[in-house]
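Both complexes shown next keep subunit A, but they swap its partner, so subunit B is in the first and subunit C is in the second.
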Partner chain A sequence: MKMTKIVRSTADIFYPFCLIFGFYVVAHGHLTPGGGFQGGAVIATGAALLIVARAYEDISQRIRKNALKLCESIGLFMFLAAGLSGLFLGHPFFANWLAQAGSIFGQPVAWGPNPGDLNTAGLLPLMNIAVGIEVLGGLSIILLYMISGVKEKE
Partner chain B sequence: MRTAFISAILLILLGGFIYLASDLSFGNPAVTDMDDYFIRHGQEQCGANNIVTTVVFDYRGFDTLGEATVLFTAVLGVGIMFRKLRKGEEYEND
Partner chain C sequence: MILLAIHILILLGLIVSAGLAVYFKDLLSAAIALAAFSLLLSIEFYLLQAPDVAIAEAGIGAGLTTAIFIIAIRGTKRFEENE
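On to the complex of A and B.
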């Protein structure tokens, strides 16, 4: 089923903005409201926009199922690796050993309300990105699977 | 007759529920030790400004791992349900 040209053009224009906003929510998860789950859901909304506006044959050219499957597995694996990484350095499971250590994502944070610095919070941004990758792959592929099960009528 | 009876019972239950709910005190919890601890120590212990992310990914990271696994399993189930049929395979109820 194809929508009119107006709907298709609007979806094409809004799709990149959806992706940018989603990646912003994921990347700033430790500073602003939102995080991995929410940002991944926003990115999957961009995929849903395309799926609603176009036929499945057009979508399957632009969004590959195998890439999304890979995204999902890699996201979960990255999250597990981030949790397990503390074990090899003498910290407990899921310990935030990168926080305020001075290296990447390791700047100290002042107490109280402050504008915030992207280069803080240790493992939290990495976990946010991992979960974001997993959620965007998972939700998009659920939608793709379901739309591929619908029989098209001419 | 029967519909009126069921509606009356539902109305009475709704009234009782609202009466009970109106007695609860909102916005003034009795125990706030845990919330105060997160708000006071979240920034210095984890270095993040977003306390919600601190709780979700650091203090309760194990819970988030389970959440991610649940999502993975759900996608796996949908993938199994909507997979392509193999050669020579047919639908069970057709």
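On to the complex of A and C.
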């Protein structure tokens, strides 16, 4: 079953919006609903649009298995490093030592009702980003391996 | 009152889309009906004030599961055969 030109053009137009919305959900995980897993799933949906619309021979040049495997490993490593960094600095495991420290993501939280500041919450945005990278690699590579086994017949 | 009407409409749509997914002989149409089921379910989660679950349901249920079904249909046959 070969997809028509309408499906391919629609997928090509829509997938950047999927990716942008997914990265938005990941980056605002500590302020709005969603977080690393949800944003990574939305990003993987954008990759799924591209993967479903084309054959494996066309898609394997644009999305590479090794890059996705690297994404998965980098996400896990970032999450573990964020957890262990507290231990090396003399805090407990997963201690949020970056919060209100004045450096990156270190602004103090305003009191009372406010729209929220992206530059707060310390280690939590870094963990959200790590989980987002991990989930986008893992869920995309499932789809890529599934379509690599499909025999296309006219 | 308006909210109750929206709830009833969405729940009716859930039942109809689930019935259509069983009824269709074309497997691609059945997969699309399941995607519509997931989308309506995520709207229902949002109305019940669980936006976190709604985003997860829309991403996993309506997006990735449908893509996996479509890839599986591409590898096999599109139409269900009568016994």
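As a convention for this text, the second predicted complex is superposed on the first by the 150 of 154 C-alpha atoms of A that agree within 3 Å, B and C clash if a C-alpha of one lies under 4 Å from a C-alpha of the other, contacts with A are read in each partner's own complex, and residues count from 1 in each chain.
Everything that follows uses one rule, which is that a contact is a pair of C-beta atoms (placed from the backbone, for glycine too) under 8 Å apart; a residue touches a chain by one contact, two chains touch by 3 or more.
What you are looking at is a predicted structure, and each value in this text was computed from that prediction instead of being measured.
Peer 1: In the three-chain superposition, say which chain, subunit B or subunit C, touches more residues of subunit A.
Peer 2: Partner touching more subunit A residues in the overlay: B.
Peer 1: First (subunit B), second (subunit C), both or neither: which does A:M127 touch?
Peer 2: first
Peer 1: Under the stated touch criterion, which partner chain does A:I51 make contact with: subunit B (first), subunit C (second), both, or neither?
Peer 2: Once the two structures are laid over each other on A, A:I51 reaches subunit C alone.
Peer 1: Thinking of the overlay built on chain A, is A:M146 touched by subunit B (first), by subunit C (second), by both, or by neither?
Peer 2: both
Peer 1: Is A:P33 touching the first partner subunit B, the second partner subunit C, both, or neither of them?
Peer 2: A:P33 contacts both subunit B and subunit C.
Peer 1: Now for A:A99: first (subunit B), second (subunit C), both, or neither, which partner does it touch?
Peer 2: The answer is first: A:A99 touches subunit B but not subunit C.
Peer 1: Name the contact category of A:P108: first (subunit B only), second (subunit C only), both, or neither.
Peer 2: Only subunit B is touched by A:P108; subunit C is not.
Peer 1: On subunit A, what residues does subunit B touch that subunit C touches as well?
Peer 2: Touching subunit B in the first complex and subunit C in the second, residues 33, 35, 37, 142, 146, 149 of subunit A appear in both lists.
Peer 1: In the complex of these two chains, what residues of subunit A are touching subunit B?
Peer 2: By the definition above, subunit A touches subunit B via 29-33, 35, 37, 72, 75-76, 79-80, 83, 93-94, 96, 99-100, 106-112, 114, 116, 120-124, 127-128, 131, 134-135, 138, 141-142, 145-146, 148-149.
Peer 1: If you look only at subunit A, which of its residues touch subunit C in the complex?
Peer 2: Within the complex, subunit A contacts subunit C at residues 1, 25, 33-35, 37-38, 41-42, 44-45, 48-49, 51-52, 139, 142-143, 146-147, 149-152.
Peer 1: Under the touch definition given earlier, write down the residues of subunit B that touch subunit A in their complex.
Peer 2: Touch list, subunit B to subunit A: 43-50, 52-54, 56-58, 61-62, 64-65, 67-69, 71-72, 74-75, 78-79, 81-82.
Peer 1: Note which residues of subunit C are touching subunit A in the complex, please.
Peer 2: By the definition above, subunit C touches subunit A via 51-52, 54-56, 59-60, 63-64, 67-68, 70-75, 78.
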